[in-house]
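Both complexes below contain chain A, partnered by chain B and then by chain C.
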Partner chain A sequence: MKPRLAILLGSVAAVLTALVAASPRVVAADKVDPAADAKAFQNFFFQKFPKLKPEEFVNGPYSMDEGLKRQWQEKEEFPPYEFALDAGKEMFATPFKNGKTYADCFANGGIGIRQNYPYFDTREGKVITLELAVNRCREANGEAPYSYVKDEMASLTAYMAFTSRGKPFDIKIPDDPRALEAFENGKRYFYTRRGQMNFSCASCHVQSPGERIRAEILAPALGILNAMPIYRSEWSGMGTTSRRFVTCNSQTRAVPLEPQSDEYRDVEYFLSYVSNGLPISGPGARP
Partner chain B sequence: MTALARMPALAAALLAGLLASPAHAQTAADGQKLAFDRSKGNCLTCHVIRGGDLPGSIGPELKDIKAKYPDRNELVAIVSDEPKRNPQSVMPPFGRNRILTEQEINAIVDFLQTL
Partner chain C sequence: MSKTTGKPFQLALVLLSIAATPAFAATEADYKAAYAAAEAASKEAVALRHQWTTTVSTLSAAKKAADSGDFDRATAAAKEAEALAKASIYQATSEKEAWKAMEIR
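Showing the complex of A and B:
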């Protein structure tokens, strides 16, 4: 009789706990509240890693492991992204065939603006990333667009990020139901499991940051885009956010989307927004 | 763990090895290969396993398996579809998503039982 009673009490307690745990989510589902989401998201990481200062999260795996951090600090004296940075600086200053430059396409002449991307364009009803804006600038000036994943695009945005280092992410969600929908859509993509391995983005970068997969250390989702674009030793080169999304999908045996597809743009919008207040640290270097 | 504390476990493992049929030992050896193979079980990516280099840290160390899971069917269930038992688990459903065949899962379970 006694064990039965205990089981009964146990299940009652479990149901009550589940109800209590579920109720805030019900409220969140009724009304999209990105500010509350961002606060909860950041608090989750601050509580999980109480020793880290908020701005340290932008250093990804290096913030999670002392030994790795020291190696990285030494490497930063001769950073592997330096070639890309120099190339990007030169590309940025070189006029298009029509005599105009990138500076003509962007606010503040394109300097120190990385923290404002992606933004929601209320005219178009879509998320506009920095890479997208770069290619639109090129096409508007009669130049061919760059690949969204590496090479020139990564070099150019590396320079643009570099001029924005230290500026806190300042992503805005305008009062437009389509902007809220884009945020929600990105959030859904981030938390949905997919592919043969059955991982969501959150499986690794929310549930397991700081843990090792073989020799690699998983980066926290908080601040993960602040370091983009990155030089990855695994790629032997630079890559953009698009490249990271595509390789994350294929490594977990899911079907990657097209770079700059609506869903990827929405994930970038969600992930950048929840890192608001954390400084831009790009370009970054990763193992 | 000290070497002394490891002795009984080692002795038990040796004894189990002696008692096991040759066929069983063969599948356990196959299971180890599968468990360490990055494109197959890849258990090492998340678990510390005796004999494996550069293990990950997401899952628990795989040791004393026979003591922890005396029922072999439970091990098969875990490898086949752990999220079914525990929805929060990030362990891939190796059986359900056909990452491994039934035969391969059985070989891995044979290997796990030697740990």
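Showing the complex of A and C:
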């Protein structure tokens, strides 16, 4: 009995020692560290595409294919988003029925601020995107909200992005556990497989940027939101980040979530934060 | 042919005749039971925020077939929708941890 007892006690002690030794590493691996995540994320793409300058990633598929890039550069002489940009500029300057304008709702009169969105609102405990802020501004001034996916919203945010071109994404994550949770939720959404095709966002935009999926060349996830909103030839029109998320979900045969749902806001927060330092290039044009 | 070598052949004939026998036609009650099971699984997938578009369209096809009185097709579609919904629930459950394998670290 005694040797058996000794073996049993020895085994228990060994298991406990192993658990104690392993537990700090488990905690460290699960700790939310957005700065480390962003560094790893950017390094992954810089190493995968060593010939590209960091700021070139914001040009999406055009940074991945020389022929496509040349077509886009020619197209930029008469960009397809120009009508939306003009309309957005006019809408931005037109007062609401109460006489106020969008400039009254935003810092710096709404000019050159795109790079700060989305931000985490510590009072509300949620991520606030530019589209959400635009509609809240409208509603606060007695106006009906716009559709979150296209038309007026895309035009207005196209103008706001245009006034911010070249400014590096500067997304902040405040020292608030809810902000860290939003970042982590966004990250989880980004990497989670969904839909009958069993694809995550990362399946296309991390594992396969530069590869073709049917006729399209996949854009890298790094800098993918810097060009929003976009004129997409496939849509024959403009679309917001919400529209892009909805169509990505549909393409994987997943039922899309509601535009500006918590999940979409959080994934926008994550994707924008990991692209910090890369310039705003919106509005963009995509095939 | 000996008696022993003939037995597998006879068995194959019996199996073939069973396979060739038409299945019993599905009734409205069969359809309703299959649809209820599919709908329950579908609602669970929605609650998990992991619904598939194909579950929705197959459920809709089942309903359409039932409305036209084709309970064979309606029951088969409802069963397919249930299988799709259950696959999406499995995906949602397994991805709770599996997503980490794809993460850039």
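The working rule: the second predicted complex is superposed on the first by the 258 of 287 C-alpha atoms of A that agree within 3 Å, B and C clash if a C-alpha of one lies under 4 Å from a C-alpha of the other, contacts with A are read in each partner's own complex, and residues count from 1 in each chain.
Heads up, the rule we're going with is that a residue touches a chain if its C-beta (ideal position, glycine included) is under 8 Å from a C-beta of that chain, and two chains touch if they have at least 3 such contacts.
Here the structure is a predicted model, which is why all the values come from computation and not from measurement.
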> Taking chain A as the common reference for superposition, should the pair chain B and chain C be classed as clashing or as fitting?
Replying inline: fit
>> Tell me the contact category for A:Arg165 with respect to chain B and chain C: first, second, both or neither.
In response: neither
> Where does A:Ser208 make contact in the superposed view: on chain B (first), on chain C (second), on both, or on neither?
Replying inline: first
>> Tell me which touches more residues of chain A here: chain C or chain B.
In response: C
>> Is A:Val255 touching anything from chain B or chain C once the two structures are fitted on A? First, second, both or neither.
In response: second
>> Is A:Asn198 touching anything from chain B or chain C once the two structures are fitted on A? First, second, both or neither.
In response: both
>> Tell me the contact category for A:Lys100 with respect to chain B and chain C: first, second, both or neither.
In response: neither
> What is the contact status of A:Lys69 with respect to chain B (first) and chain C (second): first, second, both, or neither?
Replying inline: neither
> Of all C-alpha distances between chain B and chain C after superposition, which is the least, in Å?
Replying inline: 6
> Between chain B and chain C, which residues of chain A are contacted by each of them?
Replying inline: 196, 198, 203, 207
> What part of chain C is in contact with chain A in the complex they form?
Replying inline: 46, 49-54, 56, 84, 87-88, 91-92, 95, 98-100, 102-105
>> Taking the touch rule as given, give the residues of chain A at its contact with chain C in the complex, in rising order.
In response: 37, 40-41, 44, 187-188, 191-196, 198, 200, 202-203, 206-207, 250, 253-255, 257, 263
> Mind pulling up the chain B residues that touch chain A in the complex?
Replying inline: 44-46, 54-58, 83, 88, 90, 92-93, 97-99
> Okay, in this complex, where on chain A does chain B touch?
Replying inline: 196-199, 203-204, 207-208, 211-215
